[in-house]
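Below, chain A partners chain B and then partners chain C, in two separate complexes.
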Partner chain A sequence: MDKTLSPKLRRQENISGYLFLLPSLVFFLAFVVYPMVMCIWTSFTDANMNSNTADHFIFLDNYIELWKDPVFLKALVNTLIIVFVSVPIVCIFSLWVASVIHKMKEGPLSFFRIVFYLPVVTGSVAVTVVWKWMYNNYYGIFNYVLKSTGVIDKNINWLGDSKFALWCIIIILLTTSVGQPIVLYVSALSNVDHSLVEASQVDGATNTQVFWRICWPQIMPTTLYILVITTINSFQCFALIQLLTSGGPNYATETVMYYIYYTAFKLYRFGYGNAMGVILAIFIAILSAVQFRLAKEK
Partner chain B sequence: MKKIISLLLALCLVVSMASVVMAADAPEGASEITLWTYPIGNWGNEATVKELTDAFTAETGIAVKVEYLTYADGDDKVNTAITAKQAPDLIMEGPERLVSNWGANGYMVDIADLFEEEDKAEINPAALAACFAPDGAAYEYPLVMTAHCMAINYNAFVEAGADQYIDKETHTWTSEQFLAAVNALYETFGDPIGAIYCNGQGGDQGTRALVNNLCGGSFTNPEHTAYTWDDEKNIQALKILYDLNGIDYDASIVGGDEIANFYNGIFKMAFCWNIAQQLNPNSADTGAGLTLNGDEIVFMAFPSEDGVAKLQGGIWGFGIFDNGDAGKIEAAKTFIKYMCDSEHTADAVRASNFFAVRGTTEGIDISGIWSDNEIMNEYTKLMPMLGDYYQVTTNWAAARTAWWNMLQQVGAGDGSEEAIAAAVADFCAQANGQ
Partner chain C sequence: MKTNNGSSRAYSITSILILIILAILFLFPLYWILTGALKTPAAINSAVPQWWPQEFTLRNFEVLFSKRSAPLFEIGSLTGPIIPGAIRWLINTVFMAVLAMLLTCITASLAGYALAKKRFAGRVILFSLIVAAMALPKQVILIPLIKEMSALGLYDNLWAVILPTVGWPFGVFLMKQFAESIPGEMLEAARIDGAGELRTFITVVYPMIKPGVGALAIFTFISSWNDYFLQLIMLTSSSNLTISLGIATMQAENSTDYGLIMAGAALAAVPIIIVFLIFQKYFTKGITMGAVKG
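Up next, the complex of A and B:
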């Protein structure tokens, strides 16, 4: 703040500053902080939808039950598979695409940006409907192509077979997740200091050396951001499951997010569902912290 | 000057936010009530419902604001509204939601006072019973009912020579005939003939009725206090269906997908069917009782050992959410009486494409409102086969999900009787809250 201002003007600036902050602060408190506190509190209760009975404080009972619940454990394993498969693929693939296209002329660059970003801006319902059609057991294009090329002789029930269903979900997730990282990486790679690149090339550095020694450190903040965002999105995979498989078949695509929804909104066990939410938040926080730490060490 | 303008802008933001909050809390008079309706026939159609509500408003002066729900996310919307204390005044659905769920959880108004002795005598006993909770409180006033059934592609049946196994006159067949028909169809057309859809969401009544009727199993006990679908007859039926060529347990499709596949000619039979589908099997309006390529659709009772099925019923009516506003509750009651028990009831019933739960109302005979509709008349042959309305059994929401999961597990298993029995026992126990 400008110290040459009179105390009155400074006070006025302070007040207007706080007033500008107030709307977003109110929304933040009402829609982020308050629900978070309520979520943690109700996770220690047996809160449900029955208005005839009061909620009881049951301390850690929900958390203890969680670790004995085979569906939750299955959902947790599925969620971790989604995270550990999709996050590295998204990061590596988007970095590869970005490194290929970022030096292109404006026209082709925009074309590829649009191609990869389109699934991101398309509504998840529309994307899901198209994929559901492609995976269809009876007339889907995948079965049609594989059958007509002789790869399979009987239709595969992609979403109805527990061997394939989770991988089908991961493939869709990948296509909808790479758009934003590609755009970010293109931007980050374009901002790499070219004088350093040229200097290293003059000193005889190979392309690989240039990338890992010059470019990679400079795009590390972007990589970290992409890692964290992709991890969070993968942990929170819900819409695809809800629209395609409802967690089936036989819990093969049950994720923690979907199980939270099912427990809270179908079984009305709000306390139990919130306990799962807290556990999920802890997992995300731990994984994000590890990513930050690793990135810092690098 | 800039500082003053910025201060004013900030104040405007705060004031506008506050006004939004205050506006949301502004009290409304009982001259307007809100109705949320699931897609029950044309009660999901804005133009039809507007006609009905406009007529109601003209007569009573009470405006009705209608919101249309879907079965895919309707429950979530209602539950969210309940927890936010923004529930509608009126809701139109069946007793499994109004009585067993929201009523049992204390969110509905007891409307037992709307049932006069004359009404009780006029309303179908099964529909009447379903609207009352065990403690005697009524959380629903019934308007219409139907029997859920299945459907076959008659042209395909003729082509495969399977038409000999059905009684087209009575719309019935035995389990033995059903199996023979599927085999004949499979020999002619190969896979798929039909599917035990088990992805989840709506249409569960179709798979339940198929399994329960095939060998004479039950779903709940007669008192509606426990789920009994782990009986041997159901296990036997599930095993028969597992072994049957042409019928697969398909965890990738829901009831709606099954109907679409049947309508498109992929399936030769559908288990998720009722009169609404028979009258209008597709959104393209290409004709009642016809598939996309013009094949004749014949509705059928589910196959049973003796050929007399116990069909799953559907009952729909209105309930009132207890929002603590006596004026709105009274207005909502007026609406219910207007739609369900007055000279206007016939119009309300027609809008649903289902059958009235009563033959007369206020001395007016409404039993013949479908006399001019050949399909509806034909469909009445199924109504005497209506079985127990067990959807009011405790823990219904969990039981439905357990049913889907059980079917998925049976379908994914090796088909042995032990594996099927284990899946059935496991999920039936879950349904019973064990």
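Up next, the complex of A and C:
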């Protein structure tokens, strides 16, 4: 089709293409690309809130300081724990739910899909404040239920105890993360080639065999996509921390995203915060690349 | 064969039972918000939870609406009548989410069509840039955005939240997926009929990508409503807050009055949940199409 166009039509294609793109491109360049470039640039400076003083180019000083900053290292470790715990659980859980519900009739299917998606729609603030109440030391239902069933014998200050706080955060994160993967897996599983499934059943394959040999390879692209988005989401865990623990107690729930916020908006060290942002982006890129690699090998 | 059937039936019955228990657990926080909002302070602050409120009260909403106040609107020096702050926050949130939704749908459907169907120079590079940007953590660009918005004079203004939402490339990506399916012959026919570019877009392209626009609209509306981090760093003054931000602020100030905070949470969550329930079919479609690799 390309080559059949006359030069005049070709020019028209170019011009109209750009005109259609223009409005979107203006927003994209101004509010996504430009701040990304600025993020990388200011990570090499000592930029702060004060716009009267010029920013000094300090090259890698921020990055060097980061590796000596115990809070940042703690935040990085916590973030990695969150990612490595929540990503596999989200994937396995949502695949299991999807495998049970995708064969259901339209009514129950959308009921379950909606229920698991609701925590996402409810919004991070509303979800977080109710969990804060449920975790509460005196009025929370967790202490009540666990105590009355005899699991614990005295109240636990869930969010105030460094042994539990991070796990409490992870539990909330899990409930707000499975909605989208379930929707994706349901649609992937219902697109699996049915004739293959039937053929293998005729040959006497068990349900488990059918699943791993036939379905699993076909939903691999979906799994990969889910791994990537869940990784990105877990890395960016912020609202839960800011509203529940502010990184405490004793940095037990400090995450990179929260520390970026703290550095930039409490300490006003924009350059230092941006350096952390760049490191975070690099970590996400590496993990996504590894996931792509692993998925390809299989 | 028979035993296989028996065990698989046992498996599916157990699965469904577990699923129902999980569904109850997932619904519980929402139930706790809604009932908590209607409980008396005594019921809230009791060590033994009331699974169903023994006494219903609107006290929490009364406190919520009396806490702060703000003018209904401010346009230049013109200010509207004074209303409860929480209502103003709700109006702000609707304004923000609707404008973000409209602008995203218009710009993204134009751009998605161009990327899918126009053979202009630089198209592949541009599309790669869009996909690459999508894989980056969105929140990393927020610090530079603050400085940019201050320079534009938009700091502490709802537009500072709307503009970056419109710029986020997911919408363009999604609309390109939908526009791919438009047959080239239809566009050709419109051209032969002498329809101009914009006319072709409105009469031929738009009707074909309408389900996609619906999906994008609901997706943008919900994610913009709930984008707490962006709202948190851009909006500061009491009359400019969104509902999420307002509740978060109240939570910081009265962190022990859970009844009040649940009333706020209910006010923030119920409208968006209703919107979601009405349009959830489009929503599912959008999520699925957005994942298909282009």
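Just so we're on the same page, the second predicted complex is superposed on the first by the 285 of 298 C-alpha atoms of A that agree within 3 Å, B and C clash if a C-alpha of one lies under 4 Å from a C-alpha of the other, contacts with A are read in each partner's own complex, and residues count from 1 in each chain.
Simple rule for what comes next: a residue touches a chain if its C-beta (ideal position, glycine included) is under 8 Å from a C-beta of that chain, and two chains touch if they have at least 3 such contacts.
Quick caveat, the model's predicted, so the values are computed rather than measured.
**Q** Since both structures carry chain A, what do chain B and chain C do when superposed there: clash or fit?
**A** Clash - chain B and chain C, as placed by superposing on chain A, overlap.
**Q** Pick one for A:V129: touches chain B only (first), chain C only (second), both, or neither.
**A** second
**Q** Check the contacts made with chain A and report whether chain B or chain C touches more of its residues.
**A** C
**Q** Quick one: classify A:Y34 as touching chain B (first), chain C (second), both or neither.
**A** Second partner only.
**Q** Between chain B (first) and chain C (second), which, if any, makes contact with A:E13: first, second, both or neither?
**A** The answer is both, since A:E13 touches chain B and chain C.
**Q** Just to be sure I read the superposition right, which of the two partners does A:A289 touch: chain B = first, chain C = second, or both, or neither?
**A** Neither partner.
**Q** Of the partners chain B and chain C, which touch A:G160 in the superposed model: first, second, both, neither?
**A** Only chain B is touched by A:G160; chain C is not.
**Q** If we overlay the two complexes on their shared chain A, which of chain B and chain C does A:N137 touch? Say first, second, both or neither.
**A** Only chain B; A:N137 stays clear of chain C.
**Q** Kindly classify A:I92 by the partners it touches after superposition: chain B alone (first), chain C alone (second), both, or neither?
**A** Neither partner.
**Q** By the touch definition at the top of the document, which applies to A:F265: first (chain B), second (chain C), both, or neither?
**A** In the superposed model, A:F265 contacts both chain B and chain C.
**Q** Is A:Q236 touching anything from chain B or chain C once the two structures are fitted on A? First, second, both or neither.
**A** Second partner only, chain C.
**Q** Looking at the overlay, which bit of chain B runs into chain C, 77-85, 95-103, 293-301 or 311-319?
**A** With chain A aligned, chain B clashes with chain C through residues 77-85.
**Q** Is there a shared patch on chain A that both chain B and chain C touch, and which residues make it up?
**A** Common interface on chain A, chain B vs chain C: 13, 16, 19-20, 23, 51, 136, 138-139, 265.
**Q** Given the complex with chain A, which residues does chain C contribute to the contact?
**A** 4, 8, 12, 15-16, 19, 22-23, 26-27, 29-30, 32-33, 36, 44-49, 103, 106-108, 110-111, 113-115, 118-121, 123, 126, 129-130, 133, 135-148, 150, 163-164, 166-169, 172, 184, 197, 201, 222, 225-226, 228-229, 232-233, 244-245, 247-248, 251, 258, 261-262, 264-266, 268-269, 272-273, 276-277, 280, 284, 287-288, 291, 293
**Q** For the complex, give me every residue of chain A touching chain B.
**A** Spelled out, the residues of chain A in touch with chain B are 9, 12-13, 15-16, 19-20, 22-23, 26, 49-52, 135-139, 155, 157-162, 165, 245-251, 262, 265-268.
**Q** What residues of chain A sit close enough to touch chain C in their complex?
**A** Listed in rising order, the residues of chain A that touch chain C are 1-2, 5, 13-14, 16-21, 23-25, 27-36, 38-39, 42, 51, 97, 100-101, 110-127, 129-134, 136, 138-139, 141, 144, 175, 180, 183-184, 187, 206-207, 221-222, 225, 228, 232, 235-236, 238-239, 242-243, 257, 260-261, 264-265, 270, 273-274, 277-278, 280-281, 284-285, 288.
**Q** Residue numbers of chain B touching chain A in their complex, please.
**A** 3, 6-7, 10-11, 13-14, 17, 75-76, 79-80, 82-83, 104-107, 191-192, 198-201, 248, 250-253, 261, 266, 397-398, 401, 404-405, 408-409, 411-412
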